[in-house]
Structures are given as C-alpha cells and as structure tokens.
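Two complexes come next, and they have one chain in common, chain A, joined by chain B in the first and chain C in the second.
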Partner chain A sequence: MKGQTAIMEYMIFVFMAMVIIFFVVALIFGYQILQGSSRKYSAVEENTMFALHKMMTTPLISTPEYQKSAVLEDAKLTVLTCEDVEQLFGEGLWVQVKAFYEKPDCTGIQNLPQRLACQQVRNDIEQTESRECTGSGQNDYPDCGTWTFCPENRKERMVYRSLPVNIYRKMDNTVMLGSLTVGVSGGAS
Partner chain B sequence: MLSVFQIFKLLIGIIVFIFIMTFFLDITNMYSDIGGSQKEYAIADAFDKTARDVYTSGKSAQFSGFEDLDVLMYRPPALLFGSQKTLSVPLFMIPDKANMTLERRCDDYGWFRFCWILAYSDRGVILFSPLENTDETRQEMENFVNALPDAYSYGFCNGTYAKVSTKQTFIGFINGNMAASTFEECDIEPKDNMRIIVFNDSEPSEGTIVVSGRQAKEPASDGAKVVVFTNADIPALVTGGVDAVLYRQDAFGSELRAATRIMLERTKLVSQKMLVHNAQPCIECATPYPKACGWVDIDGNQKQSQSYNDFIATLQSLMNAVGNGQYEDLLRQSVNDYENLREAGCEI
Partner chain C sequence: MKGQTSIMAMVIAMVLVVFIIIFMLSSAFSGQEDQTLKTEFRDMYTNNLLLSLLATDTDCGRFSDMLKSEYFEGRTCFSEKVGAYMKGVLNATGNTNYAWMIEAEPKDFEGITKTWGDESVTEKPGYWDARTILSYSGRQLEIKLYIRTK
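This part shows the complex of A and B:
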C-alpha cells in the first residue's frame, strides 16, 4: 500500500513537471506567433505608406511641373483605371481621391432668400464634390470631385491611410486641396 | 540492494530525462534556424525599405546591414541571401558587405519619367580592357565612366596587370595618353566587387562583359547572352550584366506602356473638354488657356489645337511601338510635341 502511494506521488510529480514544461513551450510559441502577426501588420502598414508616397510623387498621375509637391492632376486621375493602379502601385489596393471645394458659409446670413440661395449654391458644390469622375463619370469631368479605383468590396479587412494632397484642376489651371486614401488588404505582400 | 520502486524511479527518470533533452534540443535547433533566417529576412526587408524611401523621396541614404549576411548576391529584382527577397523598386548594384550608398536616378522625358535606384559602395572596381583602342572606344568608355558612381575605382586591365584610379584621373587618362597606349587581353580573375568590360568583338570569357558598338555579350551555358543597350542601360549593364539590362528594359517598357496609355487618354479628354470649356457660356469667355489650345469659333465650328493633335498622334504610335520595343524615335518625338504644347501655353 505504501509502495503504491509512493508510485502515485511520483507519477503526479512527473505529470506536473511535464505540464510546466508544456506551458513554457506554449508561451514561447505564443510569443513567436504574436511577433509574427505584428511583423505582418508592420509590413502591411509599410506597403500602404509606400503606395501613398509613390502615388504622390509619380508623374504618371501628377503634373510634371509639380512633381515635388504632391500635386495630383485631375485629368490623369479621371482616365486612370483599377488595372493601372494594380500594375503601377501594387495589387490588392483600394484608392480614393477626394477634392475639397471651397463652399460659402451660409450660417450668418439673416435674409431668407439670400440664405436659401446660399444653401442652394452650397448643395450644388457638395453634389459636385461627391460626383464620381472615373468610369462612366468621365462625361461629368471637370464638374466632379471624387475618384475611386478598384471595387468597393475590397474594403473589407484592409488597412487604410490618408494624406492631404493638392489636386491640379487642369481645366481651370488652379490647385485645390484634397485627400488621398489608400487601402491595402491584410494579405497583400 | 535496490528496491523495485527505486529501479522503477530510476527508469522513469531516465525516460523523462531523454524525452526532455530531445525536446529541448529540437527547440534549440529550430530557434537557431528561425532566429538566423529571421535576421536575414529583417536585413533584406530593411534594405528594401531604404530603397523605397530613396525612391519616393529622392534623397540618398546609407545602408550597412549586409555585413551580417553569409551569402549575398543580386539578380534583379531578387536579393539572394540563402533565401531571396524581390525588391519593390528597380535597383541596380554590385552587392557588397561594406557600407552602401543608395541614390535615385531618373530618366526624364518631360511628360514621362522612369526612376530607379543605384546602390554602390566605395569598394567597387571597374576595369576596362580596350582591345580596340579607337576614338569610338574611348568615347564609349567615357560614357560608361560618366554613368557610374564617383565612389568606384576605375582602371585598365592589361594582361595580368591592372592599375586603378579615381574617376576624374581616369577620365583624364582616357582623354590624354590612352590614344598612344596598347592593351593586351585581360587575364585577371575578377573578384566579387570587380567588373571587367572588354571593348572588341571577341567571344566573352567568364567574368567579363564584351561590348561592341551598342551590343553587349556575356558568357552563358548555351553560348553567349546578347543585348542591345542605350546609355541609360549602362549602370545596369556594368553592375548586373545582360540580365540586369533586360530587367531594366522590361521595367522601363512596362511603365512607359502604362504612362503612354494614361497620357493618351488624358490628352484626348483634355483637348475635347477644352473646346467645350472655351465655348461656354460665351465664345470669347475668360479661360486660362490661349486659343492655340483649341476653341469653338463664332459659327460653332470646333477648332482643335494642332499641337494637341500632333501629341495625340505620336502617343498613339508610341503605344503600338512600345509593344515591339522599337520606341526610341517616337519617345523623342513625344518629348518634342509635349514641349510644343508647353510653349503654346496649353500645358504647364
């Protein structure tokens, strides 16, 4: 009886030692897995920033004269396609450029007809701002202010980064403020 | 005497010891492998990131991580270090474990620009073997030296003798005493950081690049690899040989094709919209562009700009020519057409 108890104690001791070893190993592997996913996220982040910077500096969509100051040309953006984006800036990207028009401030206007007219102007500008220039929207050029490339459904599980950019409006020969947003899918290399 | 229980404890102890030792040895081995390759990957990633930064910013940078790699080779666009990493930007280099400088270079064609990275250390040595010592050879050698970094050493290979100097001294010799010199066939075993350029029409030997006119040859298992190169290809040719030139030409052609398509569609759109833009709401309304860019006359007739028409026609021909690689003349023509549009005030 005493011998059996001793054997049982010994078996429990060995079992506990094995469990501790198993946990130590699991912790080490867990740490490695965490580090791996952190590295993957950093790579996606770097790819996003690279695509953003490349877009801002490439003469393919900017104006040669303004290459150093991140000025995208609206006419080039209008004819750009998703295939071009994938070939030139990387696969699995989703890109959107938005122009910010100057809008009248209607809040301080007391006179009702004047305020309504101002609101109407503001609404018209907002509509133009959100009007798509790419694809079938080419016909609306230059009265449009949004350029979107590659299908919307790619937006799932993507890392997005935005930067302010200047947009050269070719037809008016002016430069306006805008934003460039790039999404890179988590699996993109 | 040992009891049965003590023998049992001893056996269990030995079995558990063997099991634990095997387990830990396996893990240690695995970790040393993973750790080593992770370090190599990290170095390759850091180099790629540096190249990307230089490519987008245009500012030169230094890189000094290669000294920790056991193996280092570069076959554009793949960096080989036991494993391999495809670089994100066009880059040419003689790989070296010493401190490397990365600088961006761009071939500018006005409306189109192709940029790439030249990475170099100060240990690069370029030896020339001008077996045909003619005016053309000397001019070509000067083209080669001018296209390459100042940090390299340049010299002649004359039989088993080679003497190197700085870029400026070497150019001085090309334009000075070289005409009166004679050179024997180069008989030097090239080192990793050395490139030997032979100027004549002979068959290439191992470790040399033979240049004859605008043609370069390199030894290959099935004879010789041959490529026709331009001045813009010289850094790629010297650093990476025929394969690097083919890679560069492919990357250039691919980007040019995309740029031509975008510029063609964009110019068609702009020239069309400019007519409408100038016509409405009045014939002589205020427009930022002169009439030479296109307008609608008093009778409603559209007057398309000749400059825009010329540029569009050239771009259309260029589109077709890029596919077969014969685009040099049309590219030059497109540069002139674009310059005409700028002079007319239609493009900034």
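This part shows the complex of A and C:
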C-alpha cells in the first residue's frame, strides 16, 4: 500500500511538473510570436521614416533653393505619378501632400448673417484644401491643395506617418505650410 | 525515491529559470529599438514643424520676419496668426492632442524672453524641442519650439 501511494505521488508530481513546463513554454513561445510581429512592425516604421526623409530631400519634388527645411514644389508634385513614387521609393506606398490655407475664425462673431458668411468662406477654403491638384481646370492652383499618390492598400494594415512641410507655389513665389503623409503596407489586417 | 523527486524538482526549477531569463532579455532589447524609432520621429517632427512654420508666407509677411518684428518692433502679426497655423498643421498631421510653446530668447545681447502658446508645456518633463537662430540687425535670437501631448 505504501509503495502504491509513493508511486501515485510520484506520478502526480511528474504530471504537475509537465503541466507547469508546458504552460511556461507555451507562454514564452506565444510571446516570441508577438515579438516577431512587433519586429515586423518596427521594420515597417523604419521604412516609413526612410520614405519620409527621402521625399523631403529628393530634388524630384523638393525645391533646391530652400536648403534648411523640407520644401516641396507644387509644379513637381502635380506632374509626379504613382509609378514615379513606386520607382523612387518602393512599392506599397501611399503618399499625400496637403497645403494649409488660412481660414477665418468665426467663433467670436455674434451677428448671425456675418457668422454664416464667415462659415461659408471657411467651407469654401476647406473645399479648396481638399481638392486634388491635377493641373487642369478647377483642379489647379490656386483652387486646389491636395496631391495624392497611389491607392491605399486596404487589404494590409498600413503604418502612417505625417510631417509638417512647406509647399512652394511657383506661380506667385510664395511658400505655404502643409503636411506630408506616407503610408507603408505592413502586416496582415 | 525522495532523492529522485528532489533531483527532478531541481531540474524543473533550473529549466524554468533559464526560460524566464531568455524571456526577460528578449523583452529588454526589443523595447529599446521601439524607443529609438519613436525618439527619432519626434525629433524630426518637431524640427520640421519649427522650420516649416518660420519659412511660411502669409498676407502679413513671412513668419520668421513677423516674429522678429514682433520681438524688436512690437508689431503683433505673429501673435495674431501663429495660433491658427499651429492648430491647422497639428490637425493636418493627426496630432490634435499636442500642446505647443514657442520661445524667443536673446542669444548675444541683453533682452527679455518672449513666449507664445501654452506656457505649461515645459512645466513637467516629457516634452520635446527644436531650436533655430534668427538674425536681426547683427543680433541673434534663439527660437525654441516645445511640444508635449496634452
């Protein structure tokens, strides 16, 4: 009887030890798999940073006269295509440049007709900001403020990074404030 | 029997300790890589924001000129426009939760330090900054931009 009890104790001990080792190993391997995804995400982030940096400094879309800050030239942006972007910076990129137009502040206006008129001006300016610059008709300076290259990849998760930049409007030799956003495909959705 | 059980317990404990050490080492190194990328991007963002803002033209002139004329001549164009432009570009870059402060400090002459924006940005640690120099009639003004999440 004593011998049987000892064997039972031994078997229970071995079983519990195996269960504990199994759970610890499963936890660590599960964590390693998550780490692998995280490393892939870091690699995508690095690609995004690289693309941002290259875009701000390439003479194909930036203007060489302004050396200190990232100044993109509107005429060069208008003629740039998705194929150019893919050839220069790699496939799987989504790029958008947006110009910021100063808008009136309507919040302090008490008079209703004046506030409505102000709001209408704001709406018109926001429409101009969102209009794609294709170089023809209304989609040309000064009635447009957005340049988008390549469709967004909706099947894969995209990592987006956005930086403030300047946009040089060649027609009237002025520099506007804007944003450059780059999206890089990375990882499964 | 007791001896065998003790040896098994020691072996299992050693295996667990080795796995836990591997686990902790891999966590420590991957955390550092992510932090470096975040810091690099924040520095690039802040630097770009300051330089881009100062190079922007408005109907009142270039921001760098407006700042100098406000500091040295008392004109107010910079104060009137900087808030709207900063808000616009922070929104456009998806950072609606950032607070900012711009500071102009004399570098090689005696004078006061002027600030614009949220002065509480630098009260606690955790902000990041960019700097540049503007010249006006032989005098140098150091311009600093501070940003933090609200």
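In the analysis below, the second predicted complex is superposed on the first by the 140 of 189 C-alpha atoms of A that agree within 3 Å, B and C clash if a C-alpha of one lies under 4 Å from a C-alpha of the other, contacts with A are read in each partner's own complex, and residues count from 1 in each chain.
Simple rule for what comes next: a residue touches a chain if its C-beta (ideal position, glycine included) is under 8 Å from a C-beta of that chain, and two chains touch if they have at least 3 such contacts.
If you're wondering where the values come from, they're calculated on a predicted model, not measured in any experiment.
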Have a look at chain B and chain C on chain A after the superposition and call it: clash or fit.
-> fit
So, does A:Ala70 touch the first partner chain B, the second partner chain C, both, or neither?
-> second
Of the two partner chains, chain B (first) and chain C (second), which one does A:Ile21 touch, if any: first, second, both, or neither?
-> both
Kindly classify A:Leu88 by the partners it touches after superposition: chain B alone (first), chain C alone (second), both, or neither?
-> first
Taking the superposition as given, does A:Leu177 touch the first partner, chain B, the second, chain C, both, or neither?
-> second
Would you sort A:Ser185 into first (chain B), second (chain C), both or neither based on which partner it touches?
-> neither
First (chain B), second (chain C), both or neither: which does A:Tyr10 touch?
-> both
Quick one: classify A:Lys54 as touching chain B (first), chain C (second), both or neither.
-> first
Return, as a multiple of 10 degrees, the angle whose vertex is the Cα centre of chain A and whose sides reach the Cα centres of chain B and chain C.
-> 90
Of the two partner chains, chain B (first) and chain C (second), which one does A:Glu46 touch, if any: first, second, both, or neither?
-> both
Measuring by CA atoms in the overlay, how small does the chain B-chain C distance get, in Å?
-> 8
Shared chain A contacts, counted only where both chain B and chain C touch the same residue | 6, 10, 14, 17, 21, 25, 28, 32, 46, 53, 56, 66, 174
Quick one: which bits of chain C touch chain A in the complex? Just the residue numbers, please.
-> 1, 4-5, 8-9, 12, 15-16, 19-20, 22-23, 26-27, 30, 33-34, 37, 40-41, 44-45, 48-49, 51-59, 62, 81, 84-85, 88-89, 92-95
Contacting residues of chain A [partner chain B, same complex] | 3, 6-7, 10, 14, 17-18, 21, 25, 28, 32, 43, 46, 50, 53-54, 56-57, 59-61, 63-67, 73, 75-76, 78-80, 84, 87-88, 138, 141-142, 170-174
In the complex, chain B touches chain A at residues 4-5, 8-9, 12, 16, 20, 23, 27, 34, 45, 49, 52, 55-58, 88, 110-113, 254-255, 258-259, 261-263, 265-266, 269-270, 273-274, 277, 288-289, 348
The chain A residues in contact with chain C across the complex are 6, 10, 13-14, 17, 20-21, 24-25, 28, 31-32, 35, 38-39, 42, 45-46, 49, 52-53, 56, 66, 68-71, 98, 100, 102-103, 105, 160-166, 174-179, 181
